[in-house]
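What follows is a single structure, and I will ask about it in a moment.
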Amino acid sequence: MKARVRFFARFRELLGAEVIAEPAPGTSFLTLIRDVTRGNGEGHDAVFDEGGAFREHVILMRNGKRIEATDAGETMIADGDEIAVFPPVSGG
Amino acid sequence: MKARVRFFARFRELLGAEVIAEPAPGTSFLTLIRDVTRGNGEGHDAVFDEGGAFREHVILMRNGKRIEATDAGETMIADGDEIAVFPPVSGG
Amino acid sequence: MISIQAEDVDIGALIAGAKRPGMGAIVVFDGIVRDDDIREMELEAYRDVAEKELGEIAAEAKAKFGLLSVDIVHRVGRLRVGENILVIVVGAAHRQEAYGGSRFIIERIKAGVPIWKKEIRRGGSTWVEGDHR
Amino acid sequence: MISIQAEDVDIGALIAGAKRPGMGAIVVFDGIVRDDDIREMELEAYRDVAEKELGEIAAEAKAKFGLLSVDIVHRVGRLRVGENILVIVVGAAHRQEAYGGSRFIIERIKAGVPIWKKEIRRGGSTWVEGDHR
């Protein structure tokens, strides 16, 4: 199973533009992003707080649609998913 | 004594673009415009009502500044005045 | 630039020329001849007074909204459907002032500047009285 | 036209192309790089999603305000002070809808479309978080 995880703006600078991950079936959104950011101290700390939860300002998308950070532990990754993780937007 | 009376838009079509008048000293605004429009039935009726007062929508200016129609009987013309008489504006 | 003119205006050039240090937002209003069954529109101005009043409105809007630039070009003469009648370009540090200033200027022009529009139709023509856009 | 692009945009041409039968007013918003002690600005977009969302915002604004045309061009890449960041052109029968639709679109873009700005200064650079214009 493959999933593409993309980071933008400040998170991209810390974590890279994208990671192609190969999560096991049944992997949650939360677990996948934890796995992908593991080993990158500054990047991980930008996305997660001390308790391991998403920081309040972190925005998550799955295939172009927002998902709530509070649902990320119960939302399972499907094959081919494009996951995006980014800070608050500032366009315009 | 000379005064220039200018008409715009619908009033211009009825009364002409301008009249150079030679009012006697002490001539009021109201009297001057009555004199200038006299003899032009349709033009006169566009500016004045049956009682000889300015119609409600008529706008008056003296040297580029509005004057109230209700003051026109007491406002005296001075030499060189430019008087403008026009219907409601519709620019923009 | 405050102008009452027969010629059309290059809006792109007006915008480029409006840019100033500290500016973050420009709002443009472009009033155009709408085809309400009309063939053409004829615009007439009490030119000296209208230009003076446009200048006063621009100055008032600058002071009230902290605008960094104001340009107003009002056309006169015969215009066809789709042609520009009035172009207002305002620039400000932030969008709130730019929108507010633009709106203030157009409402003031509609309310009082001595310019008139005549709609020319197949069957005849009529002077517009008051606000129609 | 809905576009996220590195190239600048010809606003005059966008306006000319926006004109439609029944249109009486066009409002343009032009967001530009403001010199808040910055040298340059770098813009990044989640392009596919941002374009899709701009299209949805345009459709919603058209329906809500009865707009006759909507164009949105958002730049990405490195921009200098004074350059256009975002150009929104909306056309409607009347000015009320044109101003309302324009304002609606800019607020929606600021609130949610995945585009980010980084201000590049002499001493370093910072990502803008939230609304600054």
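Read from first to last, the chains carry the letters A, B, C and D; within each, the first residue is number 1.
Going forward, a contact is a pair of C-beta atoms (placed from the backbone, for glycine too) under 8 Å apart; a residue touches a chain by one contact, two chains touch by 3 or more.
What you are looking at is a predicted structure, and each value in this text was computed from that prediction instead of being measured.
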{"item": "Shared chain contacts [chain B and chain C, defined touch]", "value": "none"}
{"item": "Averaged-CA centre spacing for the pair chain C and chain A, given as whole angstrom", "value": "49"}
{"item": "Chain A and chain B, separation of their C-alpha mean positions in angstrom", "value": "75"}
{"item": "Length of the line joining the C-alpha centres of chain A and chain D, rounded to whole Å", "value": "27"}
{"item": "Junction residues of chain C - those touching two or more other chains", "value": "31, 106, 133"}
{"item": "Residue numbers of chain B (touch at least two other chains)", "value": "none"}
{"item": "Touching pairs - complete list by chain label", "value": "A-D, B-C, C-D"}
{"item": "Sites on chain D touched by chain A in the complex", "value": "31, 43-46, 48-50, 52, 74, 85-86, 106, 109-118, 127-133"}
{"item": "Touching residues on chain B, where the partner in the complex is chain C", "value": "6, 8-10, 12, 57, 59, 61, 64, 84, 86-92"}
{"item": "Chain C partner contacts - residues on chain D that touch it in the complex", "value": "10-13, 15, 19, 21-35, 82, 93-95, 98-99, 102-103, 106, 133"}
